[in-house]
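In what comes next, chain A is part of two complexes: it sits with chain B in the first one and with chain C in the second one.
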Partner chain A sequence: MKLSTHVQGEFTIAVIGETRMDAAVAPELKHQISQLLNDGATRIVLDLSAVTFMDSSSLGALVSLLKMVGNRGDLIIAGSKGIVADLFKLTRMDRVFRMADSVDAALGAVAA
Partner chain B sequence: METIYQQYNIRLSIDSRLDQVRVLSGALRGIGKELELSDEKLGQLELMMVEAVNNVIEHAYQMQGGNDVRVRVEYSPAEVNLIISDSGRTMPASLHSEVREMPDPDDLPEGGWGMGLIQLLADSIRYNIDATGNHLHVNKLLA
Partner chain C sequence: MKAMILAAGKGTRVRPITNEMPKPMIPILRKPVMESIVELLRAHSVREIVVNTSHLAPVIENYFRDGNQLGVHIAYSYEGYMTDDGLEGKALGSAGGMKRIQEFSGFFDETFIVLCGDAWIDLDISAALRQHRENGGIATIILQEVPHEEVHKYGVVKLNEQQRIVQFQEKPKPEEAVSNLINTGIYIFEPEIFNYIPSGVEYDIGGQLFPALVSAGERFFGVKMDFQWVDIGSVPDVWAATRKALLGEIEGFRMPGKQVRPGVWTGINVSIDWNMVKIKPPVYIGSSTKVEAGSKIIGPCMIGANCLVEAGAEISECLISDYTRIGNMATLDNKLIFGGDCISPDGTVLNVSETQVRWLVSDMRRVLNPSDIHDMMLFNNMLSFYGELAEEAEAA
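Now for the complex of A and B:
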């Protein structure tokens, strides 16, 4: 799975470079983000703005990552739209994750 | 010239492997675009189909490849029916004949949303078993 990362202030911005997050890629997604956590990143913004489809297996992988972050840091979901945003709302997991319209909005919200 | 849509009955099938599901999604999106479905309806249909097919692969076939997952797409201007069929283990009645409560978000669930999502997004669902296998019928009105 294509994932690019860069650091912006205290945050690691992880950009999903795929249009699709499904059960076939969920384990790799989990592995790659957990690697970032193991490498010391604690405040992560996950940029989903390129993602046009996501299923509940990938959502489950994100929840397991949220548990790994725990109260040591942040996992902010940025840029979800369309059916991807709907998936968070329908499952009510938009209440559990910190959601932002974009990476800039996520960083601004934290700075504010 | 104005296009007049008739009814379509399209049959797709994949091997029971999760890496095959994206191709099925691509086929459904292609069908939806050709039939000029809205992005919203198409996204909902794709999510319902993928959740149903993932369930078949994970539960009916217990993640064993080499089995057939069949999807029939019935289109008319008023509605779309997706019929997802398998020849594996039958789904427990509690999963399709009762209203599924979504897992409590505060419990930080990592799964268990599939049938609940299908029930929320569909206008109706039905599950039947016959000599050819198990069939989940998912209806979505287009009006």
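Now for the complex of A and C:
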């Protein structure tokens, strides 16, 4: 799975480079992000702006990552749109995750 | 007068709805638009109707059969073939479809009306026929005036002082449009029209037949009629039409079922504990549907027959087709649920099977499998955990 990360202040920005987040990428997604957590990142912004499709298994992987983060940090979902945003809303996971329109908005919201 | 209803189109702009239902069968609050058209024809004493079918023909043919139940005679002209894989439609175009019927039997032996099966209308057909006869041409197009900025969606017509048609434009830019009178897809013809339609080829009324009449200098007319014309030509149109009907904005539209409280209509055999469900009208709930305590339905909203709305589900401004289960965690806001697709009014489609959320929204007859139950518990736990956190934060 294509994932690029960079650090901005106290945040780790993880940009998903895949358009499809389905069962084929879910385990890898979980592995790579939990690696970031193990490496000490606690405040992660996950940029989904390139993603055009997501299924329940990838959303489930994000949910278990959120559990891993627990109250030690943040996992903010940024830039979801179209049916990806629909999926978060439909399953009410938009009430579970902190959601932001973009990475900038995510950082701004947290700073404010 | 006799009639032909054009029902052979593939309805590509209404996918995915038209993947399982041809456009004339798309209902506005339970009644297929074509059924409303047949009723209108009958009200104007039109009793013999031929329907050309192609895409998903059996859905239309099995519904209307010979028309007896609606007090008319209906015949079908199927355009396509039976192959080893089943029926394969091959539509002949609107004029080509007319020609095929005429060559088969000479059915059109008097003045006849041709209508598209994709709009709800309340046209005064008798008045239109009178005007057609007064003008005396071979063809009359029923026109409507639209706001200038909407002409780009339609075929535009220019008339001279005698109401004769002198020019056609297909979907012009507003600044180039020669008028704001548009072709509604409703036509009255004399049998002589067949002299202008070639046989055995695909031929279109708007795109080919009328331009041919213009260039032949044939006398034909446009009459501007004032009537309601509720188009269902695209997914946003279907949603808009349903909303209009629910909001009482279609004059003369008969609500299905019975009004059980102000702005709330239901079919029969409905299971709802009214004191435990939050409902904001206007709402229609179909027969044999169960709405569990603790759910929320915000209108305008139409829920089909045999649905299950589970406790906790939130449905706001949606159109839900028959046999849909809406799970307890689902939040549906401005969606059309249709054959396993969750469609936004702008046409984007979330397929519940592809996205594996059938644990949340699916056919209510489908039995949940272990993976559905796993997901359901995972997401439920998450939601209740974070829901409690949010409550604690609020309390603090």
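Just so we're on the same page, the second predicted complex is superposed on the first by the 112 of 112 C-alpha atoms of A that agree within 3 Å, B and C clash if a C-alpha of one lies under 4 Å from a C-alpha of the other, contacts with A are read in each partner's own complex, and residues count from 1 in each chain.
Going forward, a residue touches a chain if its C-beta (ideal position, glycine included) is under 8 Å from a C-beta of that chain, and two chains touch if they have at least 3 such contacts.
Predicted, not measured: the structure shown is a model, and the values here were computed from it.
The superposed arrangement places chain B and chain C in clashing positions on chain A. In the superposition on chain A, A:K89 makes contact with chain C only, while chain B stays out of contact range. Once the two complexes are laid over each other on the shared chain, residue contacts for A:V63 go to chain B and to chain C alike. When both complexes are overlaid on chain A, the residue A:A24 reaches chain B alone and has no touch with chain C. After overlaying the two complexes on the shared chain, residue contacts for A:K2 are found with neither chain B nor chain C. Stretch 116-124 is the one of chain B that runs into chain C, the other listed stretches 8-16, 26-34, 62-70 or 116-124 having no clashing C-alpha atoms. Across the two superposed structures, the residue set of chain A contacted by chain B and also by chain C is 23, 53, 55-57, 59-60, 63-64, 66-67, 82-83, 86-87, 90-93, 95-96.
Contacts from chain A toward chain C in the complex involve residues 23, 53-57, 59-60, 63-64, 66-67, 82-83, 86-87, 89-93, 95-96. In the complex of the two chains, the chain B residues touching chain A come out as 18-19, 21-22, 25, 39-40, 43-44, 46-47, 50-51, 54, 57-58, 102-103, 105-106, 108-111, 113-114, 116-117, 120-121. Within the complex formed with chain A, the residues of chain C that make contact are 329-333, 342, 344, 348-350, 354-357, 359-361, 375, 378-379, 382-383, 386-387, 390. Against chain B, in their complex, chain A makes its touches with residues 20, 22-24, 52-53, 55-57, 59-61, 63-64, 66-67, 82-83, 86-87, 90-93, 95-96.
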